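One chain, chain A, links the two complexes that follow: it is found with chain B in the first and with chain C in the second.
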Partner chain A sequence: MSFTVESKINENIARLTLTGALDSSTAPILQEEVMKIIPQNPLELVMYVEHLDFMASAGLRIIIFAKQKLGTQAKLILVKPQDQLIETLKMTGLIFSVVIVDQYPE
Partner chain B sequence: MNNLEESKTFVASLESLEPMRDFVSQTGSNAGLNKKQIYGLCIAVDEIATNIILYGYQNSGIDNGLINIHTIFEKENFTVILEDSSTPFNPLETKIPDENELGLPLEERKIGGLGILMAKESVDEFRYEYKDGKNFNIFSVRPNDD
Partner chain C sequence: MNDADVRIDYYPTHELNGIKYRCGRVLPFGATMVPNGINFSIYSSSATSCTLVLFKKNADQAFVEIPFPKEFMIGNVYSMIVFDLDYENLEYGYKMSGPYDPASGHIFNPNKILSDPYAKAIGGRDTWLRAPNWDNIYPFRSRLVFEDFDWENDKPLETPIEDLVIYEMHVRSFTIHPSSQIKFKGTFSGIREKIPYLLDLGVNCVELMPIYEFDEYEHSKIDPATGEMLINYWGYSTLNFFAPKSGYAATGKYGMQVDELKNLIKELHKNNIEVLLDVVFNHTAEGDHRGPVISFKGIDNKTYYMLTPEGYYFNFSGTGNTLNCNHPVVRNMVLDCLRYWAAEYHIDGFRFDLASILGRAQDGSPLNNPPLLESLAHDPILAKCKLIAEAWDAGGLYQVGTFPCYGRWAEWNGKYRDALRRFLKGDSNMVGEMSQRMQGSPDMYSSRGATAGINFVTCHDGFTLYDLVSYNEKHNEANGENNQDGNNDNDSWNCGWEGETDNQDINRLRHKQIKNALSILFVSQGVPMILMGDEMGRTQNGNNNTYCHDNELNWLNWDLIKENEDIFNFAKHIISFRRSHPVLRNSQHFKNIDYMNTGYSDISFHGKQAWQADWSENSRLLAFMLDGGHAKNGFSVDNTVYVVLNMFWEPVIVELPKLASGKNWFISVNTDMQPPFDFYGVSHEVKVENQNSMIVGARSVVILIEK
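On to the complex of A and B.
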């Protein structure tokens, strides 16, 4: 299992599609995409994570970093996280800072 | 079922994280763990192994370090032991974010301690021992639990 990220940004919405396993060896790939997005100041950062099978704290740190850089007005949306990822978001309190949806746009 | 023990040695590099998780998933699945328990062990192993690789061996100045993983299935317990020869480090003595900090908006959060928090929360028991110059991080889950 590897990790891939696809990135698109238009009309103030950045979309990232994540697949595979996000750990400390693959987190730099996501970090690089997030660094490209931040200067464009999107109002929404949408992460499609249905096929993201594993996420370690290295991935959470990038989400926190992105939110800190984009500011309070920016919305962080996770589309279809797997149950285990929801567990992780709950145990780390990130659940309060992200919006979880089944599809986007709704 | 008879006692079941398996061990595997990994090079202490980030590229080993996925093979480590695969090894734990495979042995855990053979022991009848459910998906959530297997995922929890993978999180614990991944987080602690990452610390050993990035800080433990680096601080010891060892660049060809190894991590041994032992899995033991006996009676009601499935146990995973991470064994390494890097700097003594007890993750359980690390300050982890408390409930107040976890409730803060992300803008006000400090980035740190999350990995060890996740390792602790993802297994039924997490113990640490240091003996004969080695760190032992020991995680257990109970296969019969929901």
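On to the complex of A and C.
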């Protein structure tokens, strides 16, 4: 299954649109995008994950990584995650590190 | 490789098939992430060479095998940093060469791939009872874990041990039954979903039966009588001491079991509930000379196991082998392990299975001053952890009351359990001993205080509380061992009929006996522990050794809350009563004097006549008064509490001690009464009509408070 990520940043808001399956083989692609964004000090990192079909632990690690790199002042926002991802975030405690919303203006 | 991250000494010096590596660091043992690589470190006293074997996750064959060059070895430690590995997708093991001479204790096999004793996660049993590939050349694979969990401000709670109410539970059994009505049944997450229940019940500590990685398929077999598969359900057989059981995590299949467990602990702590682990350091899953070689046997058999002079395994655990705990190397591993769980998982304490083994020398003889127990007692990282011993082993060493404690260790008080059971069923000559037990066993722990003993009436081994009052004999046929397994000395009484009955009188008596047992337990000094489900009358159909059943014999049926509503309500009340009354939770023993000048001694004993206890052989009545002015050894003030335990089969009229002017006795508990009059909630106690005397029913407990 393929994985794509589109990124853009303006007015201190970084937007990443994720599609496909995020596993150990594709997680480095996302990590690279996150690494590019972090030096621009966004106040919000918004991940559009509605069309993300699968997220393995490697993907969850990128969320932790992104949260840690963003620092305490910035928000990490997940837009419309699928139920399975929400459950996994709950079970592992990561739910407290992110903001989950149904929509966020593109 | 990102040059900015590279330490000056972290560059490859060797290469094999495109894999770059260099000499590693000897400490810490295990596999550790370092910039751009992983440091592997392992020791063996007798191996002649070692090879690191690397797999991609779940791959049939290794993608590389890297022999440790001689220059990578310091002392008996092999260490190596391998660069640019995808640690998310990595499994590793070792091959060890050395002598094969069983009589000398060496059984090296250079072709066997061995799991790392210091691995932090183990692959192979990722999902509970999912059939593995039995032809796997490396079935229990070492994996790495991330230590990036966000604990926020969490730390171990350090609740004073005398204030604990311990709830012994099995992770899977607690929520796997459909009646639990939660989403992730049988998992760490499942416990998290049930935290509101634990709070409602009133316990403030859970003791988890083994959660170190184990193989549920170990010794599995089909029961010819039922066709059911019998498995290693309880998990008292460790594969690895550092890895949590993946099959207990709903996210285990994603490799997130560490995070899920840590999240559970964090949430329990947020709700002021401590977490104790039942740890099994007395043996491993490798069995005796017929058992599999998984890790320790192949790495350093003679170091890790107690061996007979002929090279066979000592079997003080009753399970095939005995970990050589007082060998300095093994001792350090145990210490490293407990430090890891205390520091990385914020565990509040440990209960050591068959802990007397930890006090045996390498030849099996009991040590006067066991270095492992002393090390654990004085370790700075474990300094605030509860250390609780099951102070006996399967080799006949019984140390309840005499376990080497170093001012730190507490014990499961097996003598408390036995005395309570015999007193409960009306045995003669028990009043004297019961008075000692409910005082925190000062006869056993004179210098160790009241909290040296963990009091219990039931635990996972043996009958449930409901079965204790429903069966005279064990009924273990379902275990497939011709009813030969399990303890024969249960001190149980079936109240007149063996097993289930429609006889209302018998069922009423059973419920009363359960309430009696809970009452005695929760007004006793010491630390009370109850077994999961006893608060709602869980039965195992008379089976007192359900170690092998993944079915309703072990699963908690939540519908019992409704079915045995009176027991459940009573259990909640008696727990609440204990937690509301500090006079029940002294850390030091009573002095039997009035050292606070209240006009009453801290404890006084009574009988049918106030101030006249009957200690004779045929007495079955014990009454005692705990003076509220001496609560918490005089550091707190509480209501005075009066307890009458009448285990005689007839009612008795009991004279009540006179109180100071203006004070009266109020009823909190009377187990002789039918619900809802068997108890009155805290602050809703009802005044005793006749303040001079009262009738205490046959086989009943009355608890009064002074207001």
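Things to note:
Please note the rule applied: the second predicted complex is superposed on the first by the 105 of 106 C-alpha atoms of A that agree within 3 Å, B and C clash if a C-alpha of one lies under 4 Å from a C-alpha of the other, contacts with A are read in each partner's own complex, and residues count from 1 in each chain.
Simple rule for what comes next: contacts are C-beta pairs under 8 Å (C-beta built on N, C-alpha and C of every residue); 3 or more make two chains touch, one makes a residue touch a chain.
The model shown is predicted, which means the values in this text are computed figures rather than measured ones.
Contacts of A:4 after superposition on the shared chain: neither chain B nor chain C is touched. After overlaying the two complexes on the shared chain, residue contacts for A:64 are found with chain B and with chain C alike.
Of the two partner chains placed by superposition, only chain B is touched by A:84; chain C is not. Of the two partner chains, neither chain B nor chain C is touched by A:40. In the superposed model, A:97 makes contact with both chain B and chain C. More residues of chain A lie in touch with B than with the remaining chain of the pair chain B and chain C. Chain A uses residues 24-25, 56-58, 60-61, 64-65, 67-68, 87-88, 91-94, 96-97 to touch chain B in one structure and chain C in the other.
Touching chain A in their complex are the following residues of chain B: 14-15, 17-18, 21, 35-36, 39, 42-43, 46-47, 50, 53-54, 97, 101-107, 109, 111, 114-115, 117-118, 121-122. Interface residues of chain C, counted against chain A in their complex, comprise 57, 86, 88-89, 146, 148-150, 152, 183-184, 187-189, 192, 249-251, 254-256, 259-260, 262-263, 266-267. Residues 24-25, 27, 56-58, 60-61, 64-65, 67-68, 87-88, 90-94, 96-97 of chain A are the ones that touch chain C when the two sit in their complex.
Those residues of chain A that touch chain B in the shared complex are 1, 21, 23-25, 54, 56-58, 60-61, 63-65, 67-68, 71-72, 76, 83-84, 87-88, 91-94, 96-97.
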